[in-house]
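Look at the two complexes coming up: chain A is in both, with chain B in one and chain C in the other.
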Partner chain A sequence: MAEISSTLPDGPTIKGRLSQDDIIMRFGMVMIAVYLVATMVLPMWTMLSKSFSTYHFDLAGYELQVSDDDGAFDGTILTPAALNTELGVVEPDDLTAGSDSRMGLTQFFPDFSFRSPVMYRVRNTSDTGRFLVGSELKTGTDWLELDSNTFRRVQMRPVKSTGLGNFVNYFSTPALFNSIKNSLFIAVISTVITVSLAFWFAYGLNRSCMRYKGFFRLVAMAPILVPSLLPGIALVYLFGNQGMLKELLFGASIYGPIGIVIGSVFFTFPHAFIIISTALAISDARLYEAAVSLRSTPWRTFWTVTIPGARYGLISAAFVVFNLVITDFGLPKVIGGQFNVLAVDIYKQVIGQQNFEMGAVVSVVLVVPAILAFAIDRMVQSKQVALLSARSVPYQPAPNRKTDNIFLVYSIAVATFILGILVICQYAALIKFWPYDLSFSLRNYEFDRMDGGGWGSYFNSIQLAFLTAIIGTCVIFFGAYLVEKSNGFKTGRALFQMFAMLPMAIPGMVLGLAYIFFFNNPDNPLNFVYGTMAILVICTVTHFYTVSHLTAVTALKQMDREFESVAASLKQPTLKLFRRVTVPVCMPAILDISIYLFVNAMTTVSAVVFLYSPTTTLASIAVLNMDDAGDIAPAAAMGMMIFYTNAGARIIHLILTRKLLGRTQAWRAR
Partner chain B sequence: MSAVADNPNTLLGGADLTEATTEARPYLSIEGLWKAFGDFIALKDISLDIQEGEFVCFLGPSGCGKTTLLRAIAGLDLQTKGTTTQAGKDISSLPPSSRDFGIVFQSYALFPNLTIKKNIAFGLENTGRSKSEVEARVSELLELVGLTDQGSKYPAQLSGGQQQRIALARAIATSPGLLLLDEPLSALDARVRVRLRHEIKELQRKLGVTTVMVTHDQEEALSMADRIVVMNHGVIEQVGYPTEVYRDPATLFVADFIGEMNQIPAISGLSGQVQIGAADMICRPHDFGEGTSVVAAIRPEDVIPHGDGIRTTGADDVIITPENAFEVTVDEMEFLGSFWRCCLGSERFSNSELIADFSINAVRRLELAENKKLTIELPKDRLMVFAPGVG
Partner chain C sequence: MKTKAKLIASTIAGLMAATIAQADTELTVYTAVEAEDLARYAETFNAHHPDIKINWVRDSTGVVTAKLLAERDNPQADVVWGLAATSLLLLKSEGMLEAYAPAGVEMLDPKFVDKGETPTWVGMDAWVASVCYNTVEAEKAGLTPPTSWKDLTDPMYKGHVIMPNPNSSGTGFLDVSSWLQMFGEDGGWEYMDALHENIARYTHSGSKPCKLAASGEIPIGVSFAFRGAKSKADGAPLEIIVPSEGVGWDMEATAIVAGTDDLEAAQKLVDFTVTKEAMEMYNTGYAVVAMPGVAKPVEHFPEGLLEAMIANDFEFAANNRASILKEWQSRYDGKSEPKG
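This part shows the complex of A and B:
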């Protein structure tokens, strides 16, 4: 055999011609990538650039002339800057402004009177200068002559510059940057408590032979079905100023870190539980048999076998909980009192003070720990996958009366905590007026008499949940199919995967604020969706994109890689394969995605709080607003409505899944 | 090797066919094909012609690029360079859906949620056939693969062998001009595998469809293929009829990969001569220069035993030692059912042992036993010389 060189020869490389399917797939992928760019990348970019935009009044940017009483000008040119050095009416600090700030000119003329016959001339000194006459924007360097009464309505507009000014401002304001410490503090404390509680709960369910496991599993999942602020309301009833168990706090206030931590433990518990439970379920029984045969003590076995086996699960759970707590808005808003945290700061800056730039700065600050936690969690999870594929014999616990009973008691305690919160809310919703009139009434359900949008909010939420579930599932599953199963186009696919992972790292508040910046800009052709149900659907789909995408990808990865090749060799369109094989086989995952989106659309507060309009108020926001207005009982009532709706949706989902599996997946049964 | 005996292509017949086939225009022709995965070159300058109706096997160790070549032919993973021509048409850059082939994967890739019938009918839909035509064709195919009564089951309800046949039926449903099989039998247990070998071969002969099958099982290749393409490290080592690659391996790699082969380090002499240890031997003609380091090779079954090494010829009772004969000791004997495998040692082979397969008759006749001495002959037309391998 002749020696063959092992470098490619020169000459043309074969470029494959695209089939019609390839073109359709690529087109689809580009469409979904464009969707992700428009609904995530660009808004986030806009927000980031906002955080670096500073505004200030440039007093040297204007020139003025003042006439005598007869309206004759002598040609003397004044500038506000010069007048200010003379008079000192404006402090230099007051010159920093927001994008919407304006400042009148009359203050530089102490003897100004709008009735005087004096005339004024104003102009910008540069082409970039701007001022308002009434609501009319004036640019350009031509002199504008105005009478006193009109001059009264002249206002300077700030000029924009790019820099770290906002951040400098942020970090020199203790009231603001203290929130970083606060946020980290409650996130760490809540993480430690939740992960410990969830670990022993999961341990009991996986490793003991205690009874009622199914019931406890169900209870552990309940907090997912309610908005994160609901435990806050229950805590107010329990430990608030007129709380039933107020004495238990020995004078400490529930409004603050204590309340936030307890509530956070409640709403993050199911997330930690699922992750740890999965980690415990996949551990290898043979390790335990080895430990027993080596006469290791149970305590030693626990530390040398159980904990190392579950460590990825524990780490992953910790970061997920940390992320949930630090980015949560609803709960600290309800129960945080004077204890400021980052997510609420964003809300206060934007809604309270209309300081959008500072809102953007806080958002950037909040994104940092969130992205870090997210990145570490992804790294850990990829290791966990490797562990999973190498799994072997599942562990079968042996009955042990003593430990089984200990775990039963422990589980009852946890279940009491979870159910207690829900029961309190339901009780609060049904009584007339805590604590003075404890008779039952349905008055708190007359939402139309309260702020927050009334029953309309509830139906809006249902509409949002359905639209999100349907549109989101279609977009996300099809997108996942395209990246997973199309060939070639490597960089495009890698980029798409990255886009799909991003939303998980972006806190809801940040996404919502980014949407304001991006969609509320009149120059944006997409501006028309602002204030509609559409933007709420888009925002919610994007907010919960990642988990759904991962679910879809996992299901698709289990399909034979060669289905598409077979279809191509049989000259059948890929979309036919998608419809006839991929979708039916992945139906369980598709249903999982839709229920996930539905439930989250019902409970989400953070992203949509910036985006709802008077016609698109939502139930979860209504809870927040009613609570804010002091209507706590109706807030609890609405919160429980969300709970029942989600529970109902879950049951329907379960029935539907069973039915579909029975009908379309007969092939699974042997 | 019984597979060799079964094969109709004798060495002579094979030679005749070679002449005939070079004239006919090949059905599938691959020219100067290269495939790179980043810096790694998986296929190097592959050229190959396949005749219409031929059954060709790609044979080689794991990772040598067989699947890569098959997927390039299918257009599933385009080659980096080189052209492929099918039925006179340049298909080098066509997507799979514009090519004419049916394919069976190792995993079969049957659609799990469709019944067997619907699986087979998948490629027949939207092809201008009426519903009844499709049904008729499906029944015909089910009968062809002998699974008439399984049509309404789901793939998971069939055995591996049955699934394999359904995958085959689906691949040939549209009567493609080329059938590609990627290790179609490797997921099955040994018994089923042997039975299906014959069935697939039978089916292919009946349909006359040009077929390329990838395998790393030499027995499978030898028993099924009309021609074998032996590959290693991304290059074709040899293309030939099964008997050819067995009897006349082109390289040491082929000699070693197919069947058993004794390999003895040696020094080449003039053509037809080789020096093994201290002994000069006569071997097949070769064109290594004198004094080159080479490997002398002979198959165990080609070693001839000669009892005590003395042969009487004619009436004058002269003792003649045949060419390439020398005395050895039987170090070890192993009974392998139809023959004995013997490990032979000799001073001439100071380091290496020689493996020889002797028939039961020969062992009985010569009363062979361990530690016994005997004379063996390495027939000169069976003693081959190769350049030393790299690996």
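This part shows the complex of A and C:
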């Protein structure tokens, strides 16, 4: 009997079967992951390989013959390489080149004279060799006979190879690597100033009983609505040589680090403020009561209770600001003067010198601090633990006339700075011809008379903002949903999370340049999007992916996974659940994502500056180009148009959110 | 009003041209010509060749050049109409241009035609360096007007001169290459060393120095005559100075991109660009055009500009561009610490 049981066949191994839903969800996730790979990982990879593509002069790549005075050749074949070992006219370092470099041949003949009757023959030794006679390109291995007057016009062209040459070149050019120091310098200074200013501002709003808090909160957010170059333009009007307040600088020039730092403080302030304000908003009153009962001085309480409570917020704010400043391009371009920074160097190398390889090198250099700052920020945020437990008592500030007034005065000063910058720009935009004709006119709004694409670029920007907001929100929210709510497939989900976090660490300039390398390659099947509105939308969605993704994930985490189980047991497809339950419940977050994308698409400069085409010029780029051409007042006018548009979008967003909250979120209240 | 009427007229003309001939040839034309002139240029061309439609792709000189070079293996343009000759030489040395001698090329000043056996590019008009001088601000600062390039190195002008960065601006490069040609290699760099002491800063674009001079931000801007004349017409207190040693210049020129789908149409267009009518068309904005005897004086342009133009060696400029820019960068870009 016992034998029977031992001979029973093995049952089939139990394996979870993928339902149709699981397959759809995995397919969706894979699609979005492929999107991220195609729009971020591959372009970045292409750019990295571009930075290793070098050019050098190959002296052995040419052969020469020299005749006697009667023009007769004896058949001796020379190469520049052999001549150089003999004469040492060119150092090995001089042989590294850019794609555009040329090198004459006459220097290898010390007794060369362009009047002599001597004839020369020259040829490439391989089919890939290239040289110029004047500006005529010669390829192929046929001998070319030239008189000495023409021979002096022969120029060797560099050949392509792979190596670290560009990096060596970069670090041996002080003009270039000084920018690293400059960039770090202004980023650190701006970070310290912004974080201190924002901390006390947030402290006043959260921990005092001063008045008009709502107003100050609103003002503090205003800089998010304008491109980062706008404060630069305002500073020109305030502190430039014809500036209204230039005496305040005591003869120092606003063009340079001073201007960059002031402008950076302006445009990074809201970012620091939000983070620190969130950190200060939650605190446990019992800690303060304990401090009082232990007879601690307010000063000591501040250092032992308040600061430790807000430390993660402070650190996070510092790294966010650092990252924003070091990767910003618009502001140093406008007000940087001779003070070179990395982001502007990329632009100068690519647009000014057509040196794409060096642009790629500077990009790689810029990515390092940006990724470091990003990584530290993520690490700090993951350490953030809940400060509020169920037993906590929320801290309520008590009125104190003296400190409340101090904070009120301080907040007025900060608000004046922010509003002042905006008012100056609007004022400058309406003046006819600063400083000679101060009458008001709308002349600066005739954008069609200026560089930058005219009013068309403004409408292009609005189109881009809408497309980015709609498409971006759909892709990002759906992606977040799939990652958050699908079953199994652990490695795939972890990988997806990583891809979703990466865009934040990549500076806009670098992403834009990577897109040129990747999408402008005729062999790339995606080549057709180059120069269209589509590439601008793709680039902007990818550039701002991370924050939107995190917002979506946070909202989705609040929803119990039981919803999916219930839907499954009721035999309802997940996508129906998604449409009927998840989306309505998460509507506030979805609206937040779309307004975030809209506003950023209106103001972004760095990522799209390499990608716009004559039919897709943008308002933010027009601000840059008009300022570049010296039309500063129209640039200010366009910048303010962006501000009003974004402010309008925000107001509509507010109204919509209110309405939707009333309609779809009624279940939250009992 | 006038521009509006023109715009409407050109739109109607464009619409009509579009409706008359559906199966027309289309040419993609890359250009750095001022945006406001493009409609006028196309209109005049279409009066002769209504069957060829021009699709403009316009940007600044640096960007168009970068774009053309980036598309080296897969050219998108059929014709380049209105790009700096130094840029075209760069493209020529990459073998990207189709040699073609347009009908009537012998009527042009030889200075304005490529030296190749069959010319690869032909010039349209010249774009001449000049100094914009703000009389109001200069008087406030107690300056006297300079008459030569050498004058600008006078310590009196310290911090009052602004010029474009040759690494980003075609105008800036034209100044630098003209100084190197006029004063010799060593003399040129010596001159720039001295001038550097007086420069407030280097701008990215070539028109900005003049606009900054016009707005009084910096009283003296090294820029080009065309820009100065425009700002003067806008009411800026400017004087346009032609330095006595001579001035650098570059030209706007035309070329056919090798590998174009429609060589015949491209040739028709290039033929048109050297006609007398085209020259008169360029003359509206530019005081110096490629065909001798056509140009009429343009308002606010300084006198003696044509005589002051140096015998510019474009080949020198193009072939030494990379090394000149590298030298410039190591001398002035790295060392120039922010003032303040």
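Heads up, the rule we're going with is that the second predicted complex is superposed on the first by the 547 of 670 C-alpha atoms of A that agree within 3 Å, B and C clash if a C-alpha of one lies under 4 Å from a C-alpha of the other, contacts with A are read in each partner's own complex, and residues count from 1 in each chain.
Here, a contact is a pair of C-beta atoms (placed from the backbone, for glycine too) under 8 Å apart; a residue touches a chain by one contact, two chains touch by 3 or more.
Being a predicted model, the structure only gives us computed values, none of them experimental.
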{"item": "Which of chain B and chain C A:Val585 touches, first, second, both or neither", "value": "first"}
{"item": "Contacts of A:Thr76 with chain B and chain C, given as first, second, both or neither", "value": "neither"}
{"item": "Partner chain in contact with A:Phe563 - chain B first, chain C second, else both or neither", "value": "first"}
{"item": "Touching partner for A:Gln396 - first (chain B), second (chain C), both, neither", "value": "neither"}
{"item": "Comparing the two partners chain B and chain C, which touches a greater set of residues in chain A", "value": "C"}
{"item": "Which superposed partner A:Ala252 touches (first chain B, second chain C, both, neither)", "value": "second"}
{"item": "Which superposed partner A:Leu18 touches (first chain B, second chain C, both, neither)", "value": "first"}
{"item": "Interfacial residue positions of chain A with respect to chain C in the complex", "value": "97-98, 100-102, 132, 134-137, 139, 153, 155, 157, 173-176, 178, 236, 240-242, 249, 251-253, 255-258, 333, 337-340, 348, 350-354, 356, 433-437, 449, 451, 454, 516, 520, 522, 527, 613-614, 625, 628-632"}
{"item": "Sites on chain C touched by chain A in the complex", "value": "35-36, 56-60, 62-63, 65-66, 69-71, 73-74, 89-90, 92-95, 115-116, 136, 165, 167-169, 200-205, 207-212, 214-218, 234-237, 315, 318-323, 325, 329-330, 333-340"}
{"item": "Residues on chain A engaged by chain B in the complex (per definition of touch)", "value": "1, 4, 6-9, 11-22, 487, 560, 562-563, 565-572, 576, 580-581, 584-585, 664-668, 670"}
{"item": "Interfacial residue positions of chain B with respect to chain A in the complex", "value": "32, 34, 36, 41, 44-45, 74-76, 78-82, 92-99, 101-103, 105, 107, 109, 111-114, 122-123, 125-127, 154-157, 170-171, 173-174, 176, 235, 237-238, 250-251"}
